[in-house]
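Below are the structure tokens for one structure; questions will follow.
As written, the chain order gives the labels A, B and C, with residue 1 at the start of each chain.
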């Protein structure tokens, strides 16, 4: 970057303020528009990386997720911050997490597909919990009798799990491994 | 206790299991679940596949070589205990029991000599496939659960910004409203009986308007609600709105004597434990 | 403060993270609870003042307002940040839109009515969002036990939707009859 130091500082501060005021991750394309004249994507990205370094020894970090860049608290301090919060984050049942896992790894899937894998019925409120959370959505319909809805995961799920893409999900264990002898794995 | 323990013993004659390559010696005895704990025990399973996986694990059985007869026997004993305890039996468990029995019976029948590659013929194959797939998903769910999560392990930062400059309020169009309503309908599967027509809507609008007026002024004379110059359809709709409000016990109409003016007022609050 | 430097730094960073994650002002009494052992109010206040100085040349500032302390973007950068927002206007959640639709088409309705139609609970903040926006208001109370409030839409909603009366809302069609709305708009 061939900018004078004070311009770099000003740009970094503006990026910082913008990211700190947005409740959602901000894509680079959007950040560029704040500058007059508009900065190119590469410059913005480099400034963000410098900013990321500036913050690296703090209780807060700048990260890149599916929806763009955002600031978030580090896990070590979140525990302490949670101490002063009256509300506890919701806990999700195993049924919900298994359903989410099936949708995440096998998408797009119908409710019937989920039931086949889990061996039990999947209730409407269960799916609605995940939909209301913004983690899954109907992405289409399977063209079979009844036209069942096909579910897929959303960008918000990735954002909420700190991931940039579905490929960053923990890989599935190969079939049959770690099964039968859980102690051994 | 002995009876129950016997009922749920783990009768494995041959040492099939090997842990870390070593022949399995001591059989875990923790399969026995006291009946009073069964309810809790069952609650901790997500379904029949989960229970089967538990049985297989607790016996350290190789999932790829399940001794089907024993497993079926054990599973059926669980189902029997559940029935005994008059617990509500999930249909899925019974279906799984039927599957196990079917596999067991097919394995007990004399079979023609089978080539080892003839996997389709092994009645356990489908069950194994499902168990393996379910186990895989269970582990994946566990890992998802362990991932750092927004609101739990970390929180997204957001500082305050003057709303008038920065944050723009969401805009809504009539189309958005219609779409939202359609979603409500689609989900509630409200059929045409509950359809709200244009006419009903205008009745609703008048209902709100009347309520608002009555809130400002305790009593309103009936005719005041009919502004001069309104068209007949509007007057009719307004009248229907009044009737609706009366029907829904939201307002009351009173008259001191015959032919005296009609007064409308909000329904008096029901006597509550006040003062 | 007679604390070792690294303790002061850690405390400041924790306060910083807590305040940066809350758009609402946080009172000192609440901030104290994060520390174990709890810090006294005076120490927290002094730490906040040091933090305030640390941030004084940034685009975001730490201020003390009626409800406590909060970080906020400086007025000078707000306009630039606003410049990047327009392309993606925020959206109301599905829950809010459905609630608004129910109130618009079914008014006057109680919260219970809305919950019955939606099949899920309706939270107080959700209704407050619509009230604060000036789109719905309490128009009366149903005289049943508990006297639930009856909600109706306001003239401001009509103004914002560019309508003269509720009758100009798109008419509802029976389910399954196409998607668009032919007569209106």
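Miscellaneous remarks
In this text, contacts are C-beta pairs under 8 Å (C-beta built on N, C-alpha and C of every residue); 3 or more make two chains touch, one makes a residue touch a chain.
Computed from a predicted structure; not experimentally measured.
A count of C-beta contacts for the chain pairs A-B and B-C puts B-C on top. The most distant chain from chain B, with centres taken as the mean of CA atoms, is C.
Distance between chain centres (mean CA atoms), chain A to chain C: 22 Å.
Chain A and chain B have centres, each the mean of its CA atoms, that are 25 Å apart. Put simply, the C-alpha centre of chain B and that of chain C have 28 angstrom between them.
Multi-chain contact residues, meaning those touching two or more other chains, occur in chain A at positions 20-21, 23, 60, 71, 73-74, 78, 81. Contacts with at least two other chains are made by residues 155-161, 166 of chain B. Interface residues of chain B, counted against chain C in their complex, comprise 155-162, 165-188, 190-192, 195-198, 201-202, 204-205, 207-208, 211-212, 214-215, 248-250, 266-270, 272.
If you check the complex, the residues on chain B that touch chain A are 19-20, 46-50, 53, 56-57, 60-64, 90, 92, 96, 130-145, 147-161, 166. Against chain B, in their complex, chain A makes its touches with residues 19-24, 60, 70-75, 78, 81, 89, 92, 94-95, 97-98, 100-102, 104-105, 117-121, 159-163, 169-170, 172-173, 175-176, 178-184.
Residue ranges of chain A in contact with chain C, taken from their complex: 13-14, 16-18, 20-21, 23, 26, 30-36, 58-60, 71, 73-74, 77-78, 80-81, 83-84, 128, 132.
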